[in-house]
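Note that chain A is present in both complexes that follow, paired respectively with chain B and with chain C.
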Partner chain A sequence: MLAGGILKGLAVTARNFFESFVSKERLTTVQYPDERLPQIEATRDFPFLVYDGPDAMAGLRCVSCQICEKECPPKCIFIEKSTDRKPDAAGKLQFYPAKFNIDISVCMSCQICVEVCPFDAIKMDVEFELATDDRFGGLLLDKQKLAKSNEYYHRIHPTEANTVDGKLAAARAKVAAAAQPKPQVAAPAVAGSEVKA
Partner chain B sequence: MNSVQYADQIFVLLKQWLVSLFPAPLQTAVGILITVVTIICVFPALFAVTTILERKGLGRIQNRYGPNRVGPFGIFQPIADGVKALTKEDLVPANADKIVHFLAPVMLVIIVFLAYAVLPMGRNMAAVNMDCGLLFFFAIGSATEVAVFMAGWSSRNKYALLGAMRAIAQMISYEIPLMLSAVAAIMIAGTLNLQQIVEQQAGYSGILPHWYVFTPWGLAAFLLFIISATAESNRSPFDLPEGESEIIAGYYIEYSGFKFALFFLGEYLGMFSISAIAITLFLGGWSAPFSFLAWIPSYLCFFGKLVAMICCFIWVRGTLPRLRQDQLMNFAWKFMLPMSLFVIASAVCWRYAESWQRWALSLVVVAVPYLWLGHGMMNNRKLEQRVYRYAE
Partner chain C sequence: MNSDLLHGVPADTITRREVSYDHEGETLEVSMGPHHPSTHGVFRMDVKLEGERIVRLKPVLGYLHRNHEKLGEKSTYLGSIPYTDRLDYFCSMTNNWAYCIAVEQLAAFEVPERAQYLRVILAELTRLQNHASAVGFLVQDMGASGTPLMYAFRQREKILDLFEALSGSRMMCNYMRFGGCRVDLPAGWLDQLKVLMNGFPAFLDEFEKLLVSNEILMARTQGIGEVSAKIAINAGITGPMLRAAGVNYDLRKVDGYGIYPRFDFKVPLGEHGDVYDRYMVRVLEMRESVKILNQAIAQLPEGPILDPKAKLRGFRPKAGESYGRIEAPKGELGFYLISDGSPNPYRYRIRPPSFVNLTVLEDMCLGANIADAVIILGSVDIVLGEVDR
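Up next is the complex of A and B:
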């Protein structure tokens, strides 16, 4: 029939209209600020720095090796290495980042920094509500803002965090066993290379 | 006068009373002023209601909620929209013809409001009871093309100009079937006075009214009129002049802030006025749909029909995709124009034949060309899977 297709289309839209009032399955919209979808475990957006122990600045896993800074494709990471050494969470003397800035307006969430880090010190975050009225300062995250605890890491990516913890514990045990007769020198580099291997 | 008549004429009486408060030399001017102010308040208010109705309706059609943040169920959204439009920066392109750029939206709104002068919105409720009211309406209505082209030309932007040229081509093409289908109603009514056209349809046989849409020629003319009206008011599926996905809003492109809001207002007011004319010509204007509902005040009938028409426009917008330019022109010149001529012939049959023969004759004169022209348009093409010769 001529114009039958138009009538068929009108029937479909009319059905959509009326059924959206009775059947909730039709309305797939999530009313975002009020309700949220559960987080998918593989979600990632911007990097953060993991720390162990209670003190964020003292417990940073980062030893300021600057591999991530060199590998970062858009060059959004800026690290200033410390001149002195401080004991890390395991009590070993380590360099630490005097400054560690990530400009998330430049970051492209590629995760390369995470992949190259030999110390599992940098991981991907899931925080996405980062809107700010200060587009330069507000999007340049410094060490204090980037540091997040290992417990937080467990909360957002449980499977991945457990794997990482297992690897770190194994590496530490191996180093401890190997270093039993000798005094501890260059332990972090060995530990790091073993973790990657 | 009984209470039903009082309810029907309450606004007319109110105006008479208000006018009588003023000294005699001022009375004419005050009467005009009251009418004009009422029209300028009522129809933009209807526009505000329509925007929220449209956004929520389209949302539901697409299985969304639509705006629901401002106020309960989002009913204050039009106020938020208005505040946004007023506070937005008003940009004028550096190379634009600034005076024409400013005048285009103003002119569109003024022209559209002028058309409201002759609309009978209830019994004895028209701003001007003009003997050639319909002629006045079409004469004013065709001037909107000038405003649209002013907007497109003055913006000094290729998309604006393309949009304006599309708008002109479309409006001129569809104005012909629009007027020819109105001619059929004029021939039967024998008058151009819109009040009289309504009064001729206000009778009843049994409980059914004598609306022209209930005759074969009237139904065909009504459908042609509505299709042309959709094209005239640049609404989907005839929204090529805007063409958001191809020419980025067409002649609106360089408008922002309140000038854009004025264009929006003008477009919707144009849709209301042309719907009102369709109601007047074919749907019995302010007369009630059944004889036992005749106690309903005439203005309520009119506005009820108007809202129903607006809902139909929204429904069609939510259903049909945009046409292509060649489809648009083919449809106007190869289908709409000949069909409207056949509708006139059908109205002639209705006028001169008697009893059942008038029904049969006018039906045949409309239905046969419809099938013939429709199949001619289809050109033996069937809807089938599209085959790409090179892309795959």
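Up next is the complex of A and C:
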């Protein structure tokens, strides 16, 4: 029969059409922005800086080691190291970034900065509605815009954030144990880890 | 003559013009692309036509050139992995794998068992989604505007969701690392994959019912764009295009890289090397991929996913050279690296399957109609990110 194959194909199309009224499997369209798909946990787009505690600038985990800046393949990170040191969350004196800029118009969301960061200070965000009419300043994020709280990190990537918190608490406990003879340094560190745990 | 067709024009006023079928007509040069919708990206075919027939075809490339190989020489070994995602952006997982094989040969890393299985699973998922959409695009080029392509994309989206749940990104996965993989499977991922694989044969049945016996499709594709096995071998064609010409050459069988020798699967072969055979080889390969996936899911062992010797940051392999190649969905994808002991490769060269497969485009198109050039190009299955690099 000449048109047998075509009719067979049309039957498939017709079946898809009619079943789309009853089956979610056949009609997968989501009416964005009224409807949204749930976020997949591992999703990533652009990096942000994690801070602990209430003050974003004081609580940044970043110690300005500049590894991410070196490893970033498209070189979208710019860091200026501070000249002075201040105590980090574990009470250890550390440098901090005087400037930390990420140009997200250059960033390619590869998350290599996250992978190489030894301090778990930089993580991937899930915010994707970043359209702006200022293509230079609007997409060049500075330290203030990049800093997001640990609670926010827990909200977007709960499993990963719990693992990181466990790792950091263990590291703090080790530092506290090593600093036992000097209780004035160890005390705030232990208190900090209890808050986190 | 039927007077109704003349719309009241007196029949004797119409004179029949002389029509000649053997004159030396003028040739017309048509530039198809770079933004022609049939060219799958920014690609131009400079076509010389005699009537509808193609007498010369010159492919014009380079509109998407991004200096990929030079970037590879300027980035660290780790920093090149996200760039390989952007070669053939449909198949980032297989691109990662080919590059990682090249670096692993350079540094003699052992890939753990579990990572090997994960790589096979992800590569076969990539093959499924690539072939489904390649077939969809091919049928769209023939004028079935949208419907089969959207069915393919609906299924592809489920695979991309799995990629996102694992690697964080749908297409730019950046997942594999030399010496293994980046992260382990998240909770529930394998169950999702099993559900998808249970439903996949039904999708393939439906997809085949929709198209395979379609008379229009057969009329448009059979005997069009033939490539003989001899030309295919001489031109270095690989992948489904070579197998459609009847040459039994699949690197999964020939090289047996990774752990492919452990799986039981067949390599579909064509006979004629025409567009229809290329289309059918892809359809049949999807069935074989499902078979491999089911075996891999059943055998997936527990264990580490990254070689403890593997050093990602500050990695400096000793001087030497290596060539890592795999059977990517489009053909043999190879990475050739020369190391001089520094953190960057001295030379970084890619053997891209779509670029090499494109070299016989003129041989396939000569004598064909211009409308056939569109589907011949569609059957090559190119991605311009890889052709132009």
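Keep in mind that, in the parts below, the second predicted complex is superposed on the first by the 153 of 197 C-alpha atoms of A that agree within 3 Å, B and C clash if a C-alpha of one lies under 4 Å from a C-alpha of the other, contacts with A are read in each partner's own complex, and residues count from 1 in each chain.
The rule is short, and it goes like this: contacts are C-beta pairs under 8 Å (C-beta built on N, C-alpha and C of every residue); 3 or more make two chains touch, one makes a residue touch a chain.
Being a predicted model, the structure only gives us computed values, none of them experimental.
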Touching partner for A:Thr83 - first (chain B), second (chain C), both, neither: neither
Chain A: partner with more touched residues, chain B or chain C: C
Contacts of A:Ser20 with chain B and chain C, given as first, second, both or neither: first
Touched partner set for A:Thr28, first chain B, second chain C, both or neither: both
First, second, both or neither for A:Arg44, with chain B first and chain C second: second
First, second, both or neither for A:Glu115, with chain B first and chain C second: second
Where chain A meets both chain C and chain B, residue numbers: 2-3, 5-6, 9, 12-13, 16, 28
Chain A to chain B touching residues, read off their complex: 2-3, 5-6, 9-10, 12-14, 16-17, 20-21, 26-29, 31
List of chain C residues in touch with chain A within their complex: 75-76, 78-83, 85-86, 147, 151, 154, 157, 161, 164-169, 172, 174, 182-183, 186-187, 206, 209-218, 312-313
Of all residues in chain A, those that touch chain C in their complex: 2-6, 8-9, 11-13, 16, 28, 40-44, 67, 71-73, 108-112, 115-116, 124, 159
Contact set on chain B toward chain A in their complex: 57, 60-65, 315-316, 318-320, 370-371, 374-375, 378, 383
